[in-house]
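Presented sequentially are two complexes of subunit A, the first with subunit B as partner and the second with subunit C.
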Partner chain A sequence: MSILIDENSTFIIQGITGREAVTMTRELLNYGSKVVGGVTPGRKGRDVHGVPVEDTVRAFTERMEVTGAIVAVPPAFAADAVMEAIEGGIKLIVIVTERIPRKQVAEFIEYAGQEGARIIGPNCLGLISPGKSKMGGIGGAADATQRAFKPGSIGVMSRSGGMTVEISNALSEAGLGISTAASIGGDAIIGSNYAELMPLFEADPETKGIAIYSEPGGPSEAMLAEYMTASKSRLPVVAFMAGRFMDAMPGMRFGHAGTIVEGRADTTAEKIARMEAAGISVAERIEDIPAILKQRIG
Partner chain B sequence: MRFYEHEAKQVLQKHGVPLPKRSVATTPEEAETAAAEIGGPVVLKSQVLSGGRMKAGGVKFADTPAEAKDAAAAILEIEISGQKPMGVLVEERRAIAQEYYAAVTWDARAKKPVIIFSDMGGIDIEEVAEQHPDHLSRTNFSNLRPFSDYIAKVAVSKTGVTGNHLGPLTRIVTALARVFVQYDLTLAEINPLARLEDGTFIALDSHMDMEEEARTSQRALLRELGIPDEDTRLARPPTPFEVAGAQVDAADTRGVAGRVVEFDGNMGLVIGAGGGSLTLFDAVRAAGGKPANYCEIGGNPSVAKAAALTKLVLSKPGVEKIAVMMNVVSNTRADIMARGIIKGCIEAGRDPGETIAIFRIPGSWEDEGFKILRKYGVDFVDRSVSMHEAAARAVAKMGA
Partner chain C sequence: MAMFIRVDIPEDVQAEEPLRKQLVEVCPVDIFALDGERVVTVEANLDECTLCDLCIEASGSRVKVVKLYE
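Let's look at the complex of A and B:
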């Protein structure tokens, strides 16, 4: 099985006529994702690689079942696009766009919560359930995606899009494979963090273990540690911690917008200690993750 | 971006928060005049974009204009966290009965703003949170509904404040919350917020940070405060090398090739992207390497952009070789990267085969990339060599 998306999921792409979105559409179709429509205001009646384009989200949701929306519009219009998707009744929204102001992100996350919609991102590569479907630019071209993401038993979550692929590739090469991989986004405020996705993996019988990529800044790792302690999760979790050099450089911004050491709780040393206390294994190198998972799954 | 104390106070004043009489001086003479105009005892505070001013000697008291002149002369000479002060804030000194703490910031757990209020201000607020949790309140408010005053009242009241102190504190915290929302701030703090011996309330110090992404939409406020576009307000001012890195990134909208930060080492890094750069920088250090720079490249940059970043890194004195490494890429093309980096080496007058210690960019178009790299005799690896192994291999090639 998998979480969030499978072979039956249908998607629309908001901002489908943008250059990067056109490439993404082709890659998604080649991989086998069911892209049923695209939205770009004023482009109604056109098509992108055979996918029909409409002016509004409602033009699709009124006449067909749409599982999810991929938002790939420029930052200035992204919040509006997300609001339109939520209002159109879409329950899974992957936001690829980077550099959306935090206030707008917080606004649409709160609105999504009220309407029962789940947000992944912003500033992410999206989701993939290998062999079934992918939603977003994750993995790139279809053949490259197939190579890095083999179907299997590990759930992957990562604040870095690129490292979602790197870790998944290591798990695929080691024969473990992936149930679903989620690039959750690198911003300070994101729609779904590790602890919020854990119950979904918990409920998926195919998922036997979890690998996460983590970095300095923000409460995501602490929240995962609290979840693991409180839930008595059946799933072994292995975390890779990047950005250890940043501990000595408070106030400097490296990497993602959410990656900044502002207090003691933001350092990698503090995060590693918290996660280990909650039974999460912390790997020194990416290539150590598969072996630790194999040993812990038993 | 961070505001100076005097700027934060200007924002508070616009929104009706009571403040001490004050004036910014950039010379000892100006401080003397300011103190004379204020009349009576004053406090002089270094205007730097960092905390710890008191400890560093950046805050002094003066009873007369002549003393204020001497104090300002001393403060203007003191660097705090590597920063020269932009001036000295000269402020009337008032008799304080009690100090409070008030702040509004983002709560990434709740994904909402949070008001933090305490009736134990003036000291380290994290210490209050740990040792006197009953004296500190946290109150989230909605992103969607307009801010209502009762939320500030609840925040203040939770710490036990009542009677005729509740009204004025509620009004100040309400103003702080509205300022936070209106100006896209990530922190709006008043500490200490003082009750004076005459019973009035006043903001004695304030710290505000604004969302970097909001600089365009908040241009009107920045103009009003006299902050020019080129004033970056980083924790430390960027070096010329880092400024050049930002220019490389800005010159071409395709992809990212920037976020350059300078270090002392001999090994140039062309690495990407966000998480990959953090991982690879750690990997180089773990292998005993000495990075000359941090950078981020990704998002499918053009040949020209990759070449420009390569040239920049090679221009730094002491850089012997560069390591070109990324995680398994999704949308960045390995062949374009290979072409750009080789072009950058050649334009810098360096032999690519000698200069590139390792090339590890697995993923799209890698076979085309390998062909180019082979032609120039560059040592490259595919995904079977991990990021840490690639970094170690590059470090091993550095000068003995």
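Let's look at the complex of A and C:
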């Protein structure tokens, strides 16, 4: 099994005629993902690598089952695109776009919650259930994706798209493989954090452990620690905490918009302490993650 | 002068008006533009090419995207 997407999932791509989306479409199709349509207002009737283009989301959702939408439109149009997907009845939305204003993100995440839709991102690479489907640019070209993401038993969650691949590749090389990997996004406000995705992995019998890439800034690690303590999760979790240098250099910029340290609770030292107190193993190096997971899974 | 690619548009493609328009439509980075009865490449946009192949697909492989760096 897997979480959120599998071999039967169908997707549309909003902004499919744009620069990044055209390439992403080809990569998704080559991987085997079922991309059933694309939306770009004013471009109805065209196709992108054989995928039909319509002006609206509803043009697809009114005549077929659509599992999810990938939003790959420029920042200025992203909020409208997400709202349109939610109003079109789509329940899983991966937002690739970065630099969407925080207020708009907060608004569409709240609306998604009201309508029972799940958002992954913004500013993320998306999801992959190896051997079944991927949703977003994660992994890049199909052959590279197949090498880095082998089917297996570890759920991966990461605030960095690139590090999602790095950790997954290490797990694949170690023979553990991936059930589902989620690039959850590097922004300050995201649709789904670690703690919000944990219950899904918990319910997936194929997932035997969790690997996490975390960064300074934001409450996601603290929320995960609270979840682990409160839920008595069956899943061993191993985290890699990047940016330890930032504790010694206050004010240093890290990269992602979500890595701004606004208080002591956001520092790496504090996050590591909270996670370890909640039973989460914190690896010193990425390449240590598979061995620790093997040891903890037993 | 483009650094990464050159786009070759043969005369038989130039002769097909719908195809000329289609090339302009499919390119996500606006490499093609209509110039009277011809389709031309926009020099400033050539290095924006993402190698998406949509122009090649649209023309039945008659349009050639030549990688200058290989």
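Observations on the structure shown:
The criterion applied here is as follows: the second predicted complex is superposed on the first by the 296 of 298 C-alpha atoms of A that agree within 3 Å, B and C clash if a C-alpha of one lies under 4 Å from a C-alpha of the other, contacts with A are read in each partner's own complex, and residues count from 1 in each chain.
Following the convention adopted for this analysis, contacts are C-beta pairs under 8 Å (C-beta built on N, C-alpha and C of every residue); 3 or more make two chains touch, one makes a residue touch a chain.
Keep in mind that this is a model prediction, so the values were computed, not measured.
Looking at the shared chain after the overlay, A:G139 reaches subunit B, while subunit C stays out of its contact range. When the shared chain is aligned, no partner comes close enough to touch A:G175: not subunit B, not subunit C. After overlaying the two complexes on the shared chain, residue contacts for A:G32 are found with neither subunit B nor subunit C. Contacts of A:E107 after superposition: subunit B is touched, whereas subunit C is not reached. Touch criterion met: A:V48 reaches subunit C, while subunit B stays clear of it. Taking subunit A as the reference chain, the count of touched residues is higher for B when subunit B and subunit C are set side by side.
Of the two partner chains, both subunit B and subunit C are touched by A:T23.
Of the two partner chains, neither subunit B nor subunit C is touched by A:P74. Once the two complexes are laid over each other on the shared chain, residue contacts for A:S160 go to subunit B alone; subunit C is not touched.
Under the contact criterion defined above, the residues of subunit A that touch both subunit B in one complex and subunit C in the other are 20, 23. The residues of subunit B lying in touch with subunit A in their complex are 50, 106, 108-109, 111-113, 126, 142-144, 181, 184, 186, 211-214, 217, 235, 259, 261, 272-279, 281-283, 285-286, 294, 296, 298, 300, 326-331, 362-364, 383-384, 386-389. Partner subunit C is touched in their complex by these residues of subunit A: 17-23, 26, 43, 46, 48-49. Interface residues of subunit C facing subunit A in the complex, by the touch rule stated above, are 25-26, 28-29, 48, 50-54, 57.
On the subunit A side of its complex with subunit B, the touching residues are 20, 23, 75, 99-103, 106-107, 109-111, 125, 137-141, 144, 148, 158-163, 165-166, 169-170, 173, 186, 188-189, 213, 215, 218-220, 223, 240, 242-246, 250-252, 254-259, 263-264, 284-287.
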